[in-house]
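Two complexes, one shared chain (chain A), two partners (chain B, chain C).
Now for the complex of A and B:
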């Protein structure tokens, strides 16, 4: 099977190229963040952690990092709570206009970010609520809730429809059933949703840039450093941001892909 | 006189325009094993779900121990159920599953654990108490589901086709477990199944349902020997149905021959009657008996020590004969073989409607 082997090699090569294409810029950023030269050129200079030292001693970077952390954690909790409620509504109830409800609930990620950002800015300004940390939280919650809903729906759809009635039947009220059956069953997807929405919020630039005003998040600060001059500390900040996000996304993926432990159909 | 444990009083259940249950009136006695049986869509599961409070009757009243259940929430009824899908909580181990109902009643942890372990032990799966329910076999999961429902010591247990997902040999064993439990505990079992062998093997009384109505209610033996209608006779199977007109001599002229029913039919009437498959006699030579006819052997079905022989009677009707295999010695059983069949007039049961 000579052609078969050739095809396999070609496929492997193709896959490697795709990964190279996706990760090369990030790897470059990682490499240059430890390079002593100010300009990103080859050959490299000597190894240094100076840019990290500079970034970590930059009060603006710290300020942005703490704000990003606050925004992404609050956003994750709010978006997951809203997403869970929407997913449960979809699982449990049938009502007139349910399809319309689902389409509307899942719509925000399909709107171009720049348009969403402008709309958010205009809307929040009407209430004098733009340019604050809470503005970013509100905007990011709108953006993230559909992701949370999608992740939690996946899990709920694997739940035996008799599981809740079984709990009622054993003496659990609807609220107790929510607490002792539905939430434990969906817990992996709830954690996955928290990680995923935190990562989306932590990375998000366009909306944050429009509504944040002077309360900048990390991606906004990076842009400002880059537009001002060439400063390799953005490589250091970028690398740190990348590792935070990739960790969250990997945790989310592991939890989402783990199959619901359903008894095998006998 | 005290009212029976459960009373269905003119219960009607409609889903939109579809009438799933049509004006049902029946009683469930304390301590009996009652089985609902019928083809799918006959309303048997809806009836059970109304008892558990998962469906509300559109009309009528359901009373448990004299009290109306109509406005009682499912979690306040004390009518635990064993589900067809078992519906075990996958995030809890076997013991925690059993403890669930006790926890909801506010029992303290040591008492819960003790009672749960007692029940798992009683059902022979004590050693699996701390195991993940998903790692248990079908039969073991079945026992966890039973223990979970029984641990709260209910007056009544509802079972919705609990054995339908098990292998045949496990079904027989679980039937034994269920009947033994029911006798020992003396609590009422309400059992829904589409399997005649399950219903007949276990139940004190069987309810045959058809299109939302009770076709017959009574002990298995009565349903088998004296079906109330053609539907029941056909549904029960292993029955032979003959139809014809009663002639001047009082005999019924059917396609298979003229039969006497011992004066149970009046001349001029059109009647249908059933003869159970196990009361038909077979012989090679024409016997000196009543109601003899010749028939051609088509095929046979062998289950355990019982054989069911399928014959074609004159006129093309299929006649089933069920007999112990050892009683067939000396009777040739090649397909196409001509044999004589006969039945006693007292074994013929006239169908109404």
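Now for the complex of A and C:
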């Protein structure tokens, strides 16, 4: 089996290259953000924090950062609430039109963002509701609710279907059962969903660019700086953005994966 | 479940059903239907007026530049789908068959991260890496090669599409390959089937559904993306998504942009349904 072992190593090497390709831009952005050259290349220039200083003293960047924080946290709460109710409906009920319900719940991420952006701009403009911070929140909630639903639905899969009826038999109403049985059971996935949807909203630029008007979020500011010309300030802002979204996605994943392992160990 | 009481309406059930229906109805179905209507509107003095005219449609669909962009976008997306699927496969194969359970879990864990982290910033980083004086050209100049023109070419656009699609493609392919009954592959080997032949005649057909679904996602993502063709591909010739940005952002011609968008949705639906039909065909046998 000599060839088998060689093949194994070649495949492992190839997989490592794929990971290198996937993570290269994230590492490059971090390295370039501390590099003095305006046009970063190898060999690297000297170490500097000047780009961070520039980005941090940029009032537009601060303004955008605060708005992004607001948009992504409100979006996360709304999308998770909608996603939870959809996941619970799918878990518990069978009804006429359920397929249509599920299509409605899961379709938005398959529509290209630029199309959603145009449609949203037209629709919100009709109600004079475009160009505001709330316009971004509305659009991002549409986009994020399916992710919330998927995460929470996975957790509901692990819930014993007899758990709810047991609570009802003991005299709890459906609402009380929801509050003291279902929500506590799904809490890890609810938190995971909050993190994941916040990350999606925090990074979304196409829809935000179209409907935000003058109320720019961080990715929109990045988009505008990049369109101008190469400005290493973007590496500093980008690294900060990576830091936020990677943290959120890692928390979400740890919460989603942890309960899945428990039954194996027990 | 057995607890339902048919006499009065089940407010509890309705309460959990409504949020999604109301929100996605108002802010997802509504906007898409409105966009369809908008494609028949008129623009006068930079203001949109409700109307029912086919002028936007006839104007856009009779133009050579629209069909050029359409063909170009389709070509790029098909190319990206094939390149991504082929580039992802050896890695997915390794993760599904050769790697330990533990390694596979970690690999998926790390691949999910870039899928949810700023695509825009990652493309910008590649713009710097691929530039005329960038990292790649500096590296190959030590070998006495280059400089290569990589930005503002189709190659640049493809790199961007790979950045966008590769993590998801590897995840989906790995899941579908890992679900294959490994005894069938061993049986093929025992019957004297070579490794490569087994990949094409046993592994790929068994994992067909997952492989096709991964490819469909690659197609959807690259067909609709405007960042890679713009910032890495140089926007010339324009793709349909760049056309939407240009017509709606600079010209205020939302109705014409809506025509382009609807043509894109129609194409995506046709491709997705054809592919899924192909994926599930002869599934029972």
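Criterion: the second predicted complex is superposed on the first by the 257 of 266 C-alpha atoms of A that agree within 3 Å, B and C clash if a C-alpha of one lies under 4 Å from a C-alpha of the other, contacts with A are read in each partner's own complex, and residues count from 1 in each chain.
We take it that a residue touches a chain if its C-beta (ideal position, glycine included) is under 8 Å from a C-beta of that chain, and two chains touch if they have at least 3 such contacts.
Just so it is clear, the model here is predicted, and its values are computed rather than measured.
Trainee: Which of the two, chain B or chain C, is in touch with more residues of chain A?
Mentor: Here the partner covering more residues of chain A is C.
Trainee: Just to be sure I read the superposition right, which of the two partners does A:40 touch: chain B = first, chain C = second, or both, or neither?
Mentor: In the superposition, A:40 contacts chain C only.
Trainee: Looking at A:162, would you say it contacts chain B, chain C, both, or neither? Reply first, second, both or neither.
Mentor: first
Trainee: Who does A:93 touch here: chain B (first), chain C (second), both, or neither?
Mentor: In the superposed model, A:93 contacts chain C only, not chain B.
Trainee: Figure out whether A:171 sits in contact with chain B (first) or chain C (second), or with both, or with neither.
Mentor: So A:171 only meets chain B here.
Trainee: According to the stated criteria, A:185 is in contact with first (chain B), second (chain C), both, or neither; which is it?
Mentor: The first partner, chain B, only.
Trainee: With the touch criterion stated at the top, can you tell me which chain A residues are shared between the chain B interface and the chain C interface?
Mentor: On chain A, the residues that contact chain B in one structure and chain C in the other are 165, 168.
Trainee: Where on chain B does chain A make contact in their complex?
Mentor: Residues in contact with chain A: 52-54, 73-81, 83-91, 100-101, 103-105, 132-134, 138, 141, 148-149, 152, 165-167.
Trainee: List the residues on chain A that touch chain C in their complex, please.
Mentor: Contact set of chain A toward chain C: 7-8, 11-12, 14-15, 18-19, 21-26, 28-29, 32, 39-43, 78, 81-82, 85-86, 88-89, 92-93, 95, 101, 104-105, 107-108, 110-116, 118-124, 126, 138-139, 141-142, 145, 149, 165, 168, 174-175, 196, 199-200, 203, 205-206, 210, 219, 222-223, 226, 230, 234-235, 238, 241-242, 245-246, 249-250, 253, 257.
Trainee: Which stretch or stretches of chain C touch chain A in the complex?
Mentor: Touching chain A from chain C are residues 1-3, 12-13, 15-21, 23-25, 27-32, 34-35, 38, 87-88, 90-91, 93-95, 98-99, 105, 107, 109-114, 116-129, 131, 133-135, 137-139, 162-163, 166-167, 170, 195, 220, 223-226, 231, 241, 244-245, 248-249, 254, 257-258, 261, 264-265, 268, 272.
Trainee: Quick one: which bits of chain A touch chain B in the complex? Just the residue numbers, please.
Mentor: 160, 162-163, 165-173, 176, 180-181, 184-185, 187, 260-263, 265-266
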